[in-house]
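The same subunit A turns up in both complexes below, where it pairs with subunit B and then with subunit C.
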Partner chain A sequence: MEKILKVENLKISFKTQLGRITPVDGISFELSEGETLGIVGESGCGKTITAFSIIKLLPKNAFLGENTRITFRGRDLAMIDKEDLQRIRGKSISMVFQEPMTSLNPLYTIGWQISEVYKLHEGLDESQAMQKSIEMLGLVGIPEPAKRVKEYPHQLSGGMRQRVMIAMALACSPMLLIADEPTTALDVTIQAQVLELMNDLKSKFNTATMIITHDLGVIAEMCDRVLVMYAGQIVESSDVFRLFDNPLHPYTRGLIHSIPRIEVKKLDQKKLNVIEGFVPHPSKFPEGCRFRPRCSFAMEKCVERPPVYLTETGHTVSCWRFEGSELYE
Partner chain B sequence: MPKLFYRKKLEELEDKARPLHINSYWQLVWLKFKSHKLAMIGAVILLAIVAFSVFGPLFVKVGYDDMDFSSLFSPPLTRGHPLGTDELGHDVLVRIMYGGRISLFVGFASSIITTLIGTLIGLLSGFYGGIVDRFLMRFVDVMLSIPMFPILLTLTLVFGSGIMNIILVLTVFGWMGVARLVRGLVLSIRETEYVMSARAMGVRSVRIILRHVLPNVIPIVIVSATLNMSYAILAESSLSYLGLGIQPPMPSWGNMLQRAMNYVLGTATGVSPWWLTFFPGFFIFLTVLNVNFLGDGLRDALDPKFVSES
Partner chain C sequence: MNERPMVEIRNLKKWFPLKGSFRRKSNLKAVDGVDLHIYKGETLGLVGESGCGKTTIGRTLIKLYTPTAGEFLYRGKGASDNGIDIFSLSESMMRSFRKEIQMVFQDPYASLNPRITIHDIIAEGLRVHRFGRNKEERKEMIAEVLEKVGLRSEYMYRYPHEFSGGQRQRIGIARSIILNPDLVICDEPVSALDVSVQAQVINLLEDLKRDLRLTYLFIAHDLAVVKHICDRISVMYLGKIVETAETDELFNNPLHPYTQGLLASIPIPNPHLRKIGKRQLVKGDIPSPVDPPQTCRFVKRCPKAFEKCSRESPELNEVKSGHFVSCFLY
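Moving on to the complex of A and B:
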């Protein structure tokens, strides 16, 4: 399978009034054709700006580290000029945003907005583009698409709008789809429908997908491989089944244990498990293992930054508890 | 029989409930504008005022500077002078017509040009940010801190007074407010997810500005344009006072008001000629008010989210 995306040593810094902060610090991953990669972590872990860096939508005061290399189908994205970038965006790489309520321009019909992508990337004229938009809307399961194209975003429900966003993102059958919290703003039944839809379309178009979420349910439903991010670093990565069967890093365990469950296993376990504390602000990342202040397993050694180990079970994990395992790379 | 009646009733109701089939955005805009009562009233009255000023003088034999010495300071409803005369025996009605041509032209022209310049600069400044923004906004600050009146007086000396000079001055010193307003709006629209999403779709910056940012700014710009127009009509009268404005005997609503000021406390005969201030003032008031109504209606009609209560 062709490697679509290769991210090496991604480091994103911002110049701010507080000085220089680095919310994403040295993460690497790869993505192949048809594969779905999940990135999971709490809010503020750097997931979204990781996604933005791939499609080059970072704010102006952001800059990438010296050793950072993002390669998309063999091309270094740092080297790419503006024209090419605009051809890639929306055609080869597209993105679904978190908030369907505000991701569509309120002033245009949804038909106009999907057509824009076709006109831009495939050079279709008005009526052809509209025709394709209607087909695409049908494909994402919107009833009566020929009528719906004439409606404005405010006339659609949140789930419908997210379908429109997905239709827009998949309009030109991209190689890579980045979905930033695609279901967070939707209610549970709609979430299930949207996820099912994404799964269907993924297999239909064989699109490599990167899903960013803090919802482990979404990960379990959708992904082949998972990266667990904490404070701008990858703390654990593995395929999805191993991760849920045998989470290694204390942070991953904490995340999995804090999923609310309906059945109460023990009578004394009335409260929801939580990971105490918050993700620190990038200007206050602790030295060594960044999860240390919140970790119940923290030891003295954790003040040094743990290396990445490759365990026998095929996980990579960055934690001193696995000292003695094979070093990764 | 009753069954049939109810079915008919039901069908009628269904017809009403069925959403209107609207094909184009502009059709929708027109429909909403039509149902906005105040805006329609505003539009009709404005049209009437414009028609009155543009075509009115064609139907009267008296010119704006014809003097009727047998009738100075005649009150309204005097024979031959429905709105009375001023201190030189000028017919107030005729002067209001001619004055309207100038006041309306100055108002419309300067508010349109001001809005165009301000919107352009605000868009550039807000969208590109950085050095462009800093440069343009400092320029705005500089323009705002230049005292307008000394410059006006100098300009009058150099170029003389006239309608084009008034428009020039009002636009040169009038666009900064719009620019700041638009810049602020653009700064917030630039960060919205639909603009991000358009960029993620590969839409070029120029197209994003024109097709995604600008249309979202327009409803608010329209309201500010209507306010600007009111301001321009009033500003013309103060300029007239300084000698840069429209010079008598050529009338404008502004300079008619200005001249009437001399007699507010009463003429030699002791009577205050209220009609000299009332009528020009009333027309300025009527125009400004209806322009505002019109702007309100336009703003609501242009916004697809806005559905009127009626």
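Moving on to the complex of A and C:
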């Protein structure tokens, strides 16, 4: 299958009052056509700005590392000009944000907002674009779409707004959809509706999808492959089954064992496993392995940054405990 | 469980009148006739989606809101066996019971005063309820409670912004347990926290419950957390309780169509048990609690609704020992 996105050595730094901080520090990954990749991690691990960097939505005080290369279908995204970027953004790559209220414009009807995409990218006229918008709203499961296009975002519920966002994102059948915590703001019954919808549409359009979330349940339901991020680095990656069956990195293990298991009977539940301490701020990332201060397996060697190993089980893992495995790239 | 419950809430209502309605007065019926029992030493979970009224119940129980109707019978420390109706107490009478019923709030950022030190935040309750003979004694008590919740006692002269979310929630817990309460109402105590920190706080709440013999009303929307920590669970929908049962009974044998849909909706963190594409979805959105119909509240979204459901409102009935459900199917 065609690799559509290739991120190499992504490094994102900010100039701040605290000096220069680097919340994303040297991560690499690829995404193939039709694949769903999950990026999981806790707040501050850098997962959201990783997504923003791909569609160039980083704030002005951010800058990328010298060796960073983001390639989308063979084109280096750093090299393209503003006009080309406009053409790619919203058409070939689109994004669904976490908070559907703040990402829709409250002053325009939802019909206007979706048809803008068609007018801009496909050159349709007003009435054609509106017709397409109504079709798309129907496709994402909004009842009475012809009536709803005339409504404003505040007239819709949170779940409906997120459907509108998805309709807008998928309007031009993008090659790559980036969804940043798409269901975090939603209630559980509505979350299930939106996840089902995303799954349906993915099989219909064969869109490569990147789902960014802190919720291991969403990862397990939706993803083919998973990257686990901690403090700006990828600590482990593998396909979703292997990751849950046999997590290797102490952080992944800690994370998976610290969530209450809903599928286990109450009587059989044990005390939750705890990762001591908390996620460090990007200005205070420790030297060497960044998980070292919280790791129960930490050893002397961990003061050096561990390389990425490819294990026999097919995981990549960045931890000295796997020294002796094959080095990855 | 034959003993009498420590807390009996009967027909609790909390309506918020809405302003600006012409001709007719409308009410936001956040809580509309709720019955709850809490037994000494148990953790009762109160779950539901946003807007169902679960937080309003918590806040009404500690009288942050004045209840519109209902009784709150309390048979714990300091009350007679027949119980005292907390809602009918005068403010001065209420004071002695306030320390028995404490609350841990959801947002560890908004619930701690940023201008005063941790010492002062915790000492406030001690002063009001006249705990400790002097400052020194109170300081010792504060040091002790901080250690108990897993914080270093020298932290007491720091300000809230110097702490992480998890640590702040520990401070909120310290503030609630220092008065040696009987009942602690935990309103979404871990939902603002990261996964790895959430486990720390859940374990802390469990340890404290055992060591201090506390009783919890645990309000949350995360069913995995609720299953882990609660002995019994009540499910709320649009201002009413739709089902109450012991935890394993509720998860193995959910009776109300809403509970069934809710449980089926949860994404399970195990890819082998993936339900995507196979689950029975709850259709539609949660309706508005403004002037809700006096019928079954779930009728519009219910896959099993029949004619009676849109005519009358079902009662919460015990259909099996300890298993209550409010649905005409049973």
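Going forward, the second predicted complex is superposed on the first by the 316 of 329 C-alpha atoms of A that agree within 3 Å, B and C clash if a C-alpha of one lies under 4 Å from a C-alpha of the other, contacts with A are read in each partner's own complex, and residues count from 1 in each chain.
FYI, contacts are C-beta pairs under 8 Å (C-beta built on N, C-alpha and C of every residue); 3 or more make two chains touch, one makes a residue touch a chain.
Owing to the predicted nature of the structure, the values given are computational and were not obtained by experimental measurement.
A.B. asks: Have a look at where A:116 lands relative to subunit B and subunit C in the superposition and call it first, second, both or neither.
C.D. replies: first
A.B. asks: According to the contact criterion defined above, which of subunit B and subunit C contacts more residues of subunit A?
C.D. replies: Between subunit B and subunit C, the winner on subunit A residue contacts is C.
A.B. asks: What is the contact status of A:150 with respect to subunit B (first) and subunit C (second): first, second, both, or neither?
C.D. replies: The first partner, subunit B, only.
A.B. asks: Answer with first, second, both or neither: which of subunit B and subunit C does A:89 touch in the superposed model?
C.D. replies: Touch partner of A:89: subunit B, not subunit C.
A.B. asks: When the two structures are overlaid on chain A, which partner does A:99 contact: first (subunit B), second (subunit C), both, or neither?
C.D. replies: first
A.B. asks: A:240 contacts which: subunit B (first), subunit C (second), both, neither?
C.D. replies: Second partner only.
A.B. asks: Examine A:191 and indicate which partner it touches, taking first as subunit B and second as subunit C; both and neither are also allowed.
C.D. replies: Second partner only, subunit C.
A.B. asks: Which partner does A:215 contact after superposing on A: first (subunit B), second (subunit C), both, neither?
C.D. replies: Only subunit C; A:215 stays clear of subunit B.
A.B. asks: Under the contact rule defined above, give the subunit A residues that sit at the interface with subunit B and also at the interface with subunit C.
C.D. replies: none
A.B. asks: Quick one: in the complex, what on subunit A touches subunit B?
C.D. replies: Subunit A reaches subunit B through residues 55, 57, 60, 85-91, 94-95, 97-99, 102-107, 109, 116-117, 120-121, 150, 152, 154, 165, 168.
A.B. asks: Which part of subunit C faces subunit A closely enough to touch in the complex?
C.D. replies: That would be residues 49-50, 164-167, 194-200, 202-203, 206, 221, 223-225, 227-229, 247-248, 251-252, 261-262, 264-277, 279, 281-283, 285-286 of subunit C.
A.B. asks: Hey, which residues of subunit B end up touching subunit A in the complex?
C.D. replies: Per the stated touch rule, the residues are 22-23, 25, 129-130, 192-194, 196-204, 211-212, 215-216, 303-305.
A.B. asks: Which stretch or stretches of subunit A touch subunit C in the complex?
C.D. replies: Touch residues, subunit A against subunit C: 42-43, 157, 159-160, 187-193, 195-196, 199-200, 214-222, 240-241, 244, 254-256, 258-263, 265-267, 269, 271-276, 278-279.
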